[in-house]
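Heads up, there are several structures right after this.
Below are two complexes that have subunit A in common, paired first with subunit B and then with subunit C.
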Partner chain A sequence: MNLLDIRNLSIALDTPTGRVLAVDRVSLSIKEGEFRGLVGESGSGKSLLAQAIIGVLQDKWHVDADRFHWRGIDLLRLTIDERRALLCRDIAMIFQEPMSCLDPTTLIGEQLSETIDTSQLSGYFWQRRKQRKEAVIKLLHKVGIKKHSQCINSYPHQLTEAICQRVMIAIALAGRPILLIADEPTAAMESTNQGQIFRLLANLNQLKNMSILLISHDLENLTHWTSTITVMYSGQFVEAGSTEKIFNKPMHPYTRALVDSSTKANLQLPTKSRLMTLPGSIPILQHLPIGCRLGPRCPRAQQKCVSAPKVSNFHGHKVSCHYPLLRDPGKKEAVKHKTGKGIN
Partner chain B sequence: MSVLLDVKEISKSFKLKGYWYHKRKFDALSPLSFAIEGKKTLAIVGETGSGKSTLAKILVGAETPSSGKVYLNGQLLESQRFKQRCQHVRMIFQDSGTTLNPSLTIQQLLDEPLTLNTDLDDKQRRQLIRTTLQKVGLLGDHMNFYPHMFSGGQKQRISLARAIILQPQVIILDEALAALDPSLRSQMINLLLDLQQQMGLAYILISHNLGIVRHFSDDVMVMSQGKVVESGKTIEVMRNPQHKVTQRLMMSQNFQLK
Partner chain C sequence: MLTFTLRRLALFLFTMMVLTLLSFSLSFLFPGDTVINHSGQINATATDLAKLNEAYQMDKNIFRQYSAYLQHIINGDFGQSMASQSPISNEIIELLPATIELSLVALLIAMLVGIPLGFIAAINHNKTSDNAILSFAMIGYSIPVFWLGLLAILLFSIGLGWLPSSGKISLLFEIEFVTGIQFIDILLSDSPYKWQAFNNASAHIILPACVIALAPATIFIRLSRAAMIEVLATSYIRAARAKGLNFRQIIFRHAIRNALIQIIRHVGLQFANLVTLAMVTEVIFSWPGIGRWLIESISQRDYTAIQSGLLALSCFIFIVHILTDFIYAALNPLARGNNHGS
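Moving on to the complex of A and B:
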């Protein structure tokens, strides 16, 4: 069963010049035990989407969706308080800069013990204190911090960034969530530390069967870890499918360009040769193109692209494009047939 | 091709707090030497605290080395003569958003190095700014804009324009590509490679991303704790990493060259 099922979620912002759709009808579904990557460049609305899922967006953003289900419960019918109560039990989120998210004036140990719910502790009230401390130490061990006593008695600024991120993950794990949303957990981190954090997330996914939604701006860093990937561009859904398909046989011109522009995926290219790129830059929120927002930059754009494309599904590989890149000859005919219909 | 920049036995140490009979110091850089030719790129990789930023600062003249000398075209670069140095060695920083002065227009920003270092008159300077902006893929009319009116990728292009406007010979890229989005990053790489061919620039690239290092550089230098642990042609080092630090770096990025 789908854990999270979102269909056509839109997030809009009222501006003096009219309403702007920052996220335009994006669908996202996460199965149990799935490690999903959400990829998009800056301004693609991926962080907004994550914040909308856990319901921490400010009031000025208007969220609406055709379907917004969490384990079969329709979240849109619940009041905001009910929704929060439900989601904060099941979903946890870790943020970009661990240093700035932790309280700088409080010891790590206190911050951790704050998050442990009393209902998790058994025993009489005089035993609670000890149990709480044990639970904190257990959490720290879970995220791979061995020197727990040193860590508990230090402030965030005394620890390195990777350790801080581990503490953040420990805080997120305290509520025993079913889904963990990681919003660029390794931004501004070194590659060796990045690897550690990704490995920890992968371990949690495999050993605890926890679903993870990993948000990142870089496709090439994700491919080694995730099982499925959703790509967004400028607030629109682009492509979703298994990591292998997305990386090896991208169907959308944008994903194709992302893979082609990655220096890691093209190791066979001679050094100092030109990389494939899309012309132009990412549109800003005030001046979004109509229809498919990739339109002005897309090498395959045609007249039809001024209207937003529908999502088409090829064996679980979803693409939102009028002219997807297809290689199989059998499928090509199907597309010809389809486009033929469009012209008529 | 003759050697453009020749660095000989450069080292840097910082004094730490201590007593006069118990002087303590911290060696940020152990003596190291290298040389770059024109139209070549040297990549410096390493973890934080490995001294790569200190090295960049010494080369650009922001720090004075404790010992050692830097030669440019066979000429000694003295630590006090900034005029000579900043004409030929320029630097681009990681975060272009914070290195551009927000209260100046692009024209004023680019005008500063010209008034300080050249004898051009008003009209010539204006013309030079216009052509430089066009060279980095912006419009000449962009010079009346303020930095906040540009997107991140465009700001990085302006930093590049500021670096190349004095016709330098060496440009130091200190993580200049890290903060950019992937599609803009590849545009920037293409632009840098084109400029290298046109102007005969030598680059010193400081980067974490081994994919970019592989694509962009001719030689690589791996640093750890102020020492050079491995150096050589990029392809050869990456095909057959010898030192533990190099191997760990490549492991952590799941990077393997066949």
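Moving on to the complex of A and C:
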């Protein structure tokens, strides 16, 4: 059963020139125990999507969806408070720039202990304090911080970025979440620390069977850790499928370009030649193209692309393109038959 | 923390140096003989003058003169008032505590009213209550203090007769002078009418303190509103929401402390403003404080009193400034380790 099932989620922003769809009908589903990656350039609405899921977007953003199910519960039928109560219990989120996400004037220990729910503690109220402290120490050990007493008694600015991110993960784990959303957890971090954080997330996924939604702009790095990947471009859904398929047989021209632009793909290039990139840059929010937003940059764009493509499903590999890249000629016919779309 | 304290102490010493230098130079700038301005002895005979010239080392160079002046001040000798011919230090000891009492009570009222109102406005940002509080702040800030004082007397003392209009305490009560701060003196005294005196003194202080507090309170409203809006938009508040804390927990555990840190820095600055308001209000409510005394000295051209009064008052303001710095450091862990002077 799908843990999280979102269909056609849109996030809009009111601007003086009218309403702008920052995220345009994106679908996302996460199974239990899945390690899913969400890839896209900066500004493609990944963080917005994550914040909309957990419900911490600012009031200026308007979110609506066709379907928003969490473990079979239709969240759209609940009130905002009920939804937040349910989601905050089951979903935890870690942000980029951990230092700024910790209260600068409160000790780490306090910030950790306030997330531990009273229902997790047993015993009388005079035992709670001690139990809380033990739970905090246990959490810190879980995320690989050995000097727990030192860490508990420090302020965020006294710790390094990587330790802060571990503390954030510990805070996220305190609620015993089922899904952990990691929003670029290693941005502005050194590569050794990056590896540690990713390994920690992978461990949590494998040992605790925790589902993880990892948001990143680095497709190549993501492929080491995730089992499935969703690609977004400029607020639109691009492609979703297993990591192996996405990386080896991308169907969408944008994913193709992403894979080609990675360093590994460019190894065979002769020296001093240009690296493979898509021409142009991601459109700004005020000047979004109609239809498929990749249109103006897409090497395969044709007249049809001015209308937004429907999502077509190839054995669990979903792609949103009028002219997907297909290698297998046998499949071509089947697809044509199934989706009724032109394929070049 | 030790370095922090030492740093503040050094700052205090140097600022006092500059202040004494200023009051020293005032004696030269005021009309009349310098040594008479220093000492305030206008009726001195020739032998007295010779003695004073000796004491203030007027025949030596300017640095010796300054150090002699400093020595007098450190020994607590501010000279005597030109108008009343009594030692100024005694008058300051008698009058300064009354001003301290009044301005501290006013500051307390301003903070207790202003900061929570600002927080409420920020939490209800862009709603009716926010706009109402902001317009109240605008109106309160625009009312001149002397006019407000007169109106308050007219309404509450004359019209309604609820509160007395002048003085520190009713003349019926005899309170022994110990610290000069009325409330402490009352509590220390063993008079059988202690609590009646206490009530009476409170009734006397309410009106002037509220009049003084209005303008600073409106400034605190704006400051705390801006600080709270800023804090509520930070990522750690968003992270706290994602953690599953409810709104009250976020406000009371995280938002208030961080917003207070930003406000506390301004309290010291606002205090100087508040003392100025207190001086005007003391005249209106005939509060026996140093502000009224100073204004009277100015109208009587009592140069010695002006000099020393300024010195005492600015010293007091500076001490409050340093105290707010300490509170700031206690609240903000980032400031404690800060090695750069600020």
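Just so it is clear, the second predicted complex is superposed on the first by the 323 of 344 C-alpha atoms of A that agree within 3 Å, B and C clash if a C-alpha of one lies under 4 Å from a C-alpha of the other, contacts with A are read in each partner's own complex, and residues count from 1 in each chain.
Assume a residue touches a chain if its C-beta (ideal position, glycine included) is under 8 Å from a C-beta of that chain, and two chains touch if they have at least 3 such contacts.
Worth saying up front: this structure is predicted, and the values here are computed from it rather than measured.
> Let's test your reading of the overlay: on subunit A, do subunit B and subunit C clash or fit side by side?
Result for subunit B and subunit C: fit.
> Should A:Ile282 be classified as contacting the first partner (subunit B), the second (subunit C), both, or neither?
first
> Please work out whether A:Ile212 is in contact with subunit B alone, subunit C alone, both, or neither, and reply first, second, both or neither.
So A:Ile212 meets neither subunit B nor subunit C here.
> Which holds for A:Leu9: it touches subunit B only (first), subunit C only (second), both, or neither?
Neither partner.
> Considering only the touch criterion stated at the top, classify A:Phe95 as touching first (subunit B), second (subunit C), both, or neither.
second
> Mind working out whether A:Ile145 is in touch with subunit B, subunit C, both or neither, as first, second, both or neither?
neither
> In the superposed arrangement, does A:Gly175 touch subunit B (first), subunit C (second), both or neither?
In the superposition, A:Gly175 contacts subunit C only.
> Report, in whole Å, the shortest distance between any C-alpha atom of subunit B and any C-alpha atom of subunit C after the two complexes are superposed.
It is 13 Å, taken between the nearest C-alpha atoms.
> Across the complex, what residues on subunit A touch subunit B?
41-42, 190-192, 194-195, 217-220, 224, 257-258, 261-264, 266-267, 269, 271-272, 274-278, 281-282, 284
> Within their complex, state which residues of subunit A touch subunit C.
Checking each residue of subunit A against subunit C gives 51, 54, 56, 58, 85, 88-89, 92-93, 95, 97, 100-106, 114-115, 155, 157, 168, 171-172, 174-175.
> Okay, in this complex, where on subunit C does subunit A touch?
Subunit C residues touching subunit A: 233-236, 238-245, 249, 253-254, 257-258, 261, 331-334.
> Under the stated contact criterion, what part of subunit B meets subunit A in this complex?
Residue positions touching the partner: 47-48, 151-154, 181-187, 189-190, 193, 208-212, 214-218, 234-235, 248-249, 251-255, 257-258.
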